[in-house]
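Look for chain A in each of the two complexes below; its partner is chain B in the first and chain C in the second.
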Partner chain A sequence: MRAFQILIDGFAISALYALGATGFTLIFGVSGVLNLSHGAIMVAAAVAAWAAASILNVGTYAGALIGVGVALLTSFATYFAVVKPIQDSRRIPNEEKEIFVLTGTLLWGIMVQEVIAYFFTNNAKTVLPIVEGVVEILGVRTPRNEIFTAIVCCFVIALLWLLVNRTRTGKAVLAASMNPRGVTLLGLELTNIYVVVWAIYGILAGIAGVLLGMFLGVSSYSVGPLTASAFSIVVLGGLGSVSGSLIAAFVVGYLETLTAYLVSPAYRTIPALLLLVFVMYIRPQGLLGRR
Partner chain B sequence: MKKVLSVALRIALGAAAAGALMTASGAALAADPIRIGVIAEAQAIAGASIPQAAQLAADEINANGGVDGRKIEIVSYDNHSSSADSVRAFQRAVNEDKVNAVIASYISEVVLALEPWASRLKTPFVTPGAASNEISKSVHSDYEKNKYTFHGYLTSAALALSVCDGAKDLLVDKMHMKTAVIMSEDAAWTKPLDIGYEECLPKIGLKVLDHIRFSPDTTDFTPIFNKIEGSKPDVIITGISHVGVQPTVQWKNQQVPIPMFGISSQATNETFGKDTNQAAEGVLYQGVSGPGVAVTPKSVPFAEAFKKKFGNYPSYAGYTAYDEVYYIADAVKRAGSTDADKLVDALEKTDWEGTIGRVQFYGKDDPFTHSIKYGKGLITGLMLQWQDGKQSAVWPKDVAKVDIKFPSFIKLSN
Partner chain C sequence: MASFFTTRLFFISLALVVIAATLPLYVSGYVLGLLTVAFYFGVFAMAWDLLFGFAGEVNFGPTFLIGVGAYTAGILNAQFGWSVYACIVLGALASVIAGLVLALPALRVRGPYFGLTTLVAVLMLQNFIVVFADLTGGEIGLTIPDVITINAGANYWIALGFMTISAAILYGLSQSPIGLVLQASGQDPVQAGALGFNIVKHKLAAFIVSAFFSGLSGALLVFYFGTASVGTVVDVAVGVNVIVSAVLGGRRTVLGAALGAIFLIVAGEFLRPTGEFATFIVSAVALLVVLFFPGGFLGAALSREARS
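So, the complex of A and B:
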């Protein structure tokens, strides 16, 4: 009974982690950017979906769409206002750009967080679930919304796989992640590819944010922990490796759920962090990392 | 670059000088106002009402001629829910803004950090919403040093009593409940609360089956509810303030069949319904006042005036902050001075009918020195329930408007 409970709950949370981390790792793989405003973008999506549905009364579906739209806009804002100016700057030496991007996105994330707290308070918000009610699975009372979350996550990840491996744009993105210079030599504009990647990222982070808002709820305080969890999943899986991140998301998701049920909810995140430290010792490139 | 800097500097200096002139002339014009510093969590639901309610009270007092012709001036500071920011704000309030008294915070950790500063800077200090027993216990243990601090809200011990008094009438006598699980967040204020619960629940006939304390950072409450359900209690007795929206929404989404009853600070605010998408339906919480509840003749007019001005009803700390401005003003009037020690003497003799009941403070010999008195005819607290998207009083009988009702997923065992 409890085993099934852990299996089901762990799956939903892991799928959600996977979705959040995929976009994060994609950006790094393609453009070498570690986007520390990741959590802020997810929270912005969830809070926007909440505000649209509860304050403007646009309905659940429209609210969710608005949430994803806001994440897309925030993602573009992150790229055009923070990341691109740093990448294009001639006053910052190339070898220091990564650290500038890290700092820049971190500060940008804090700004977004403060704006959210200012307008919508720092108390948690929850997005109205698209499907309500519960069903019994293997004797476990499971909210329908939890199943919905898991299905959407898997579906979106599958869609991403198709996009990357089966379309021309996707192949260009893949090529850019392998050899940016080669791509430009083939006559493709690297900036266009970056814009596509940030768009994909924004949509992924938006969907993950809205789903998280429905599943558990978020507040402006969630910004840091969300960035940290995406970061540790991606590092565990191997920076830039999408399949590595997927595996790592499930490892972390289940490890957390096991701890919460079998030890105590208070220690939920600790074993996953210890695992991360351990992996750093024996395999610094992560589970499936190339470098 | 240098030129730009010097221009910027000159502008800044000029602005500062103009500002200084303006405040100087302002002070000269308004015959020595009584200044009250308000340090609060402007970004949190419960804290946001504190400066708003204080300002409302000051405006009303000033509209009626002030205190012996002196206006009340509220100087407010946002502490971002941080103790360090609060201490800086307190120092600034006293040293630079020359306030005569300070009203601060609904978070016990913050208030405990400010208490020594009230002593060092000899400034009367009242909290509208923190609950930890330690606040007034330190006043008792070193009165001469800590007498500047007043606890303008119920202590955790009194809160536990209030919940138990309500639970006896509502849950035990009416619904014949026999067992409970305590679920509280890990924070300074819940330590004495939990001790209080453990002591008084068995006395009223509710056996405590389990006691779960969880980190205020918790986002997924599924394992917690799961564990609680495992011990099959009739009711979950809550002690939550930093969290509120998330457990409530998950309780509803997961259709946990056990009612929640107890302290849930976020539920005291009107926006809680929207924040939870009405998942709050059926939640029972302790309050000192509530919309439409005439605890005293002042309660309803205040709540309505607040809503008219700020768009929503106040949180619990709004009611207390409003009363505090009034009884500080009253104390200044009785003391005939804003001198700190005289003000403390006058505050100790407070007997003020506010929005939450009749406010008096425990004396030097009581273990909870300078905390507001709990009991019939003074302040007893209420139990309210979210029903049809509104907060309705269900206890005590004289103010109750409706009977308890639960959403359909709640399965009462008796």
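So, the complex of A and C:
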């Protein structure tokens, strides 16, 4: 009974983590950017969906769409206002661009977080779920919304796989992650590929954010923990490896659920952090890292 | 090294310290209190800059070192009643041990991987403090019974003196051969090792020195505040402020980091009337500096001097 509950709850959480981390790792794989405003973008999506549905009364579907749209815009803003100027800057030495991107996106994330807090307060917000009610699976009362979350996550990840592996644009993205110089030699504009990747990232982060808002609720305080969890999942899986991130998301999701159910919710994040430190010691490149 | 005492930077620094030392004679206790905190923060930022700017280690967890020093000192004083000075010394030593713990992964992993390890260290410390609430005061914080002094002027001078001495030592170290080796090993560890320098030894030394000053400053800050809490010395947001200070002031300058910290704290106070928007404005200014003056305040000033 309890085992099934852990199995089901753990799956929904893990699928959500996986969706959130996939975009993050995709950006790193293609352009070497670690986007520390990730949590802020997710929260912006959730809060926008909440505001559209609860204040403007546009309905849950339109609200969710608006949330994803806001995430897409924020993602483009992150790229064009923060990341691209740093990448193009001549005054920043190449070996230091990484830390500048980290600092820049971190500051940008704080700015987004403060704007959200200013206009929508720090209170936790729960987005109205698209599907309501509960069903009984294997003797466990499960909210339909939780099943919906898991299905959407798996579906979107499958769609992403098709996009990357089966379309021309996707193949260009994949090629750019393998060898950026080779791609430019083939006559493809690298900036265009980056824009595509940031668009994919924005949509993924937006969907993850809106679903998180429906499932657990968000507040502007969730920004830091969300970024940290995406970061640790991605590093655990191996930076830039999408399949590694998926595995890591499920490991972390189940570990957290197990701890919360069997030990205490207060210790929820500790085993995952210990595992992360352990993996860093024995396998610094992560589970499926290339380097 | 000797030529430094004739540079313009030295005279400007000296003049600033002398002016700062006379402040308690004519400004209010409120301003002194603000600057006292800013000076301790300056030491945090300088210690961070030694690790990042010179050793090239992206340390996202400066508050791990600060927090260990601060909480060790606080717990020894509040729970065991040890004297203030013993607590401060032991806090700094505990921080050095924490620095060695942090240095272990740094010798194995680099770049973002090391950055994440340090971030995890902070989160673990934070969890530890909350879980062992009986010892640490948990989320509410720890009330410290003793203080160094309650005189605002004296506290200010202690902080100023401490910052000046730390700055002299850290700057001296950064300009010494050790600093050069560190810089080389940060930029290209393989080549630096091939030139015959013991990189491991130098990196460990950098971590120990950085941890010592972070912990000492954290312990002093705890006895100034009279409390130790997650929000003031451990939280990731505090660490972000330390990093932003160092980048704002100019990385790889050590002294710039202190300027950045003082600017950040004083600006935060000036913007208090804008309410919740203060953090936004400070972050926006910091982002603009990062984008348009990547060298920071001191970096921009020094490069102009070098050009003219």
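Everything below uses one rule, namely that the second predicted complex is superposed on the first by the 291 of 291 C-alpha atoms of A that agree within 3 Å, B and C clash if a C-alpha of one lies under 4 Å from a C-alpha of the other, contacts with A are read in each partner's own complex, and residues count from 1 in each chain.
Here is the rule we use: a residue touches a chain if its C-beta (ideal position, glycine included) is under 8 Å from a C-beta of that chain, and two chains touch if they have at least 3 such contacts.
Since the structure is predicted, the reported quantities are computational estimates derived from the model, not experimental observations.
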Fit or clash - chain C, chain B, common chain A: fit
Chain B versus chain C as contact partner of A:154, first or second or both or neither: neither
Touched partner set for A:175, first chain B, second chain C, both or neither: neither
First (chain B), second (chain C), both or neither touched by A:235: second
Touched partner set for A:284, first chain B, second chain C, both or neither: second
Partner chain in contact with A:276 - chain B first, chain C second, else both or neither: second
Partner chain(s) touched by A:5 [first = chain B, second = chain C, both, neither]: first
Touching partner for A:117 - first (chain B), second (chain C), both, neither: both
Chain B versus chain C as contact partner of A:73, first or second or both or neither: neither
Which of chain B and chain C A:266 touches, first, second, both or neither: both
Nearest Cα pair across chain B and chain C, whole Å: 5
Shared contact residues on chain A - chain B and chain C: 117-118, 266
Contacting residues of chain B [partner chain A, same complex]: 43-45, 48, 81, 186, 213-215, 217-224, 226, 243-246, 249-250, 253-255, 266, 271, 274-277, 279
In the complex, chain A residues that touch chain B: 5, 9, 13, 50, 53-55, 117-118, 121-129, 132-134, 141, 143, 145, 216-222, 225, 257, 260-261, 265-266, 268
Touch list for chain C against partner chain A, complex: 52, 58, 105, 108-109, 111-113, 115-117, 119-120, 123-124, 127, 130-131, 187, 236-237, 240, 243-244, 247, 276-277, 279-280, 283-284, 286-287, 290-291, 294-295
List of chain A residues in touch with chain C within their complex: 34, 82, 85-86, 89, 91-92, 95, 98-100, 102-104, 106-108, 110-111, 114-115, 117-118, 224, 228, 231-232, 235, 239, 266-267, 269-270, 273-274, 276-277, 280-281, 284-286
